[in-house]
Amino acid sequence: MKALIWLSSDCSSLEEIVQALKSQGQEAAILLVQDGVFMADKGCPHSDELKTLKVKVYASKKHVEERGLGDRLVVDVDLVDYSRIVDLMMDEYDKVISL
Amino acid sequence: MNKKTLGVLLLTSPYTYQNSETFYEIAKAALEKGHEVKVFLFVDGVNNAKLNQEPDPERPMNERFQELADAGAVFQACGLCTTARGFDQEGADYTPGVEVTGLTELAEIVGECDRFLTFVP
Amino acid sequence: MEFTERSVLLLIRSKPFGAIFNFEGWRASVGMFGMDHEPMMLFMGDGVLSILKGMNDLPIRMFKMTFQSFDGRICVSKKSLEAHNISPDELIEGVEVLDEAGIGQAFVENEIVLTF
Amino acid sequence: MNKKTLGVLLLTSPYTYQNSETFYEIAKAALEKGHEVKVFLFVDGVNNAKLNQEPDPERPMNERFQELADAGAVFQACGLCTTARGFDQEGADYTPGVEVTGLTELAEIVGECDRFLTFVP
Amino acid sequence: MKALIWLSSDCSSLEEIVQALKSQGQEAAILLVQDGVFMADKGCPHSDELKTLKVKVYASKKHVEERGLGDRLVVDVDLVDYSRIVDLMMDEYDKVISL
Amino acid sequence: MEFTERSVLLLIRSKPFGAIFNFEGWRASVGMFGMDHEPMMLFMGDGVLSILKGMNDLPIRMFKMTFQSFDGRICVSKKSLEAHNISPDELIEGVEVLDEAGIGQAFVENEIVLTF
């Protein structure tokens, strides 16, 4: 099972959920949308957490750009548009966990 | 790719939360790819269906709901949330195509979808 | 797709009272029985603040009783409890405390996740 | 004690946020002590004035607004927020006594109050 | 000038505002309402901050009780009802800062 | 009480875009000029994320231009900038960076505080 974690705002419990999935041999990836993209910003106290989780991180291109974070991201993210987000949710991953 | 069904739970108001924008874009993209979209409006999410919202050129909510409904999206709105907020329990205040129902219909969507997405505040 | 009876995870992360999402999560969990799903509630993060025994449970009492009468599982993250300095004996009756493996299984076994 | 004026900015929806409850209790207590209360409904705060909200015995919003208005509280609702959300711009959807105005009226309240309280989300 | 800080939810910047007021010789007190009362809970990572600020802290009795925090408070608070809250805002303090 | 022209603090603590409160704070600040108040905007906490130069300012451009044309002061907390790892040269034009004393004065000198 491959889970996609949709993170739109509050990142509490994110690390716990990712580690718990890993403990069961499951794969997890994170999709940052809306204010969730601030988690990859160099000013976010939780950006290190995101890096040390060593999971694939996607971020909504529109939400990163409108917030002016293009040059401020410190996490390696794949910028994705809505079409790709739908493919991630519907085809590339088996389950969506909304946070 | 297989055609699948996306279930959506929308909990927040339009204009006030970006969720409504993102919901529209995601639902539109999913429908264009041939997926089905089934939406349950819950808590302040029922406000998204209100008719006569001013057509803000950037965010014409009524047109967007109509466009998604015309493209096949199914909309249900929680009845208790609807009447609590002073809207007609038959759906007369809502975009055509939005049905006022209850949590059993949310449970139906949960049983009929391949993926489920919650738009939290 | 065809209708399928499912195991459903209600993930409750919000605080009680300040906003109604937490209580509406309880209501939604009960609604799952309407179509014979098997719902499980999982309290994580600030959601753990809503299963304190001392809380005024009037807004959710009926939902909780119904949920438990259908043998719905009410679970909480051990890690979140510790982070909030809550000991298990401060919790309402009938809550299962899940360790990391238990949390992992909850997300694996439940096909659908609803978040409040 | 001197009688003073309390200005209030309410930004959130009823039912969904406890702000509406706390606002009511604070406004009632202030009026009972002889203070004036002037309220500006802004963003989702305008939803508090909507007529026909179901009389939840615990939270009868319409009665509460009427009670506060009868006791002298002044209510203004932001016009742009009102029309954006699909409510009548003359106030026909709102509890009598709630006037649909604009930010100049918020500025008036700011100039006429001794204390000011914002109910944030 | 005596400022009353109405804290209903998010405690970020609270410490900074209190210290800034003190730097100008002003007095500040804190009123915890609604979810703000969780800040005085023994599980809140910010409860120590509240203690070290050494300012008067009031908390809404109703909001503490309905949340079941009566025995869990680790900050010395004055429990107040709505009538007292109005007196604090209108008479005992000169300005309200809402957070 | 009688109407008084005032200095008014608009305290902006919310993030931009995810919810509209931040942008509505800009709109309210401009509204203050309608009754000849003297508004000052103060960005603290996550509010500092809304005055980045690279942000798409379309939703607030008119408010910002109007606010600045009336010589309204736009201020930001130095401490909040540092906490968010933002250097002053990343900010939009015309923002004053306030240290602790400046923040203290802002809360002392402005008679009324509106929070977004």
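To keep things simple, chains are lettered A, B, C, D, E and F as they appear, and every chain counts its residues starting from 1.
What we mean here is this: contacts are C-beta pairs under 8 Å (C-beta built on N, C-alpha and C of every residue); 3 or more make two chains touch, one makes a residue touch a chain.
Bear in mind that the values here come from a model prediction, so they are computed numbers and not experimental data.
*Asks:* In this assembly, which chains make contact with chain A and also with chain F?
*Replies:* Under the touch definition, chain A and chain F have B as mutual neighbours.
*Asks:* What chains touch chain B and also chain F?
*Replies:* A, D
*Asks:* Name the chain whose C-alpha centroid is most distant from the C-alpha centroid of chain F.
*Replies:* Of all the other chains, the one whose centre lies farthest from chain F is C.
*Asks:* Measuring between Cα centroids, which chain is at the maximum distance from chain E?
*Replies:* Chain B.
*Asks:* What's the rotation angle, in degrees and to the nearest 5, for a C-alpha fit of chain B onto chain D?
*Replies:* Answer in degrees: 180, to the nearest 5.
*Asks:* When the C-alpha atoms of chain A and chain E are each averaged to a single point, how far apart are the two points in Å?
*Replies:* So the centre of chain A lies 35 Å away from the centre of chain E.
*Asks:* When the centre of a chain is set as the mean of its C-alpha atoms, what distance in Å lies between chain B and chain E?
*Replies:* 39
*Asks:* Can you give the whole-Å distance between the Cα centres of chain B and chain C?
*Replies:* Roughly 24 Å separates the two chain centres.
*Asks:* Which residues belonging to chain F are in contact with no fewer than two other chains?
*Replies:* Expected reply: 17-21, 46, 113, 115.
*Asks:* Going through chain D residue by residue, note those that touch at least 2 other chains and give them in order.
*Replies:* 4, 15-16, 18, 43, 114, 116, 118, 120-121 - these are the residues of chain D that touch more than one other chain.
*Asks:* For chain A, jot down the residues that touch at least 2 other chains.
*Replies:* Those would be 8-9, 34-35, 95-96, 98-99.
*Asks:* All pairs of touching chains?
*Replies:* A-B, A-C, A-F, B-C, B-D, B-F, C-D, C-E, D-E, D-F, E-F
*Asks:* Within their complex, state which residues of chain A touch chain B.
*Replies:* 6, 8-9, 33-35, 60, 82-83, 85-87, 89-91, 95-96, 98-99
*Asks:* Can you name the residues of chain E that touch chain C in the complex?
*Replies:* Going by the criterion above, the answer is residues 8-9, 34-35, 38, 41-44, 63, 65-72.
*Asks:* Would you mind writing out the residues of chain F in touch with chain B in their complex?
*Replies:* Those in contact with chain B are residues 17-21.
*Asks:* Please name which positions on chain F make contact with chain D in the complex.
*Replies:* 1-6, 8, 14, 19-21, 24, 27-28, 30-35, 37, 112-116
*Asks:* For the complex, give me every residue of chain C touching chain A.
*Replies:* Those in contact with chain A are residues 11, 13, 44-46, 77, 79-80, 100-101, 103-105, 107-108, 111, 113, 115.
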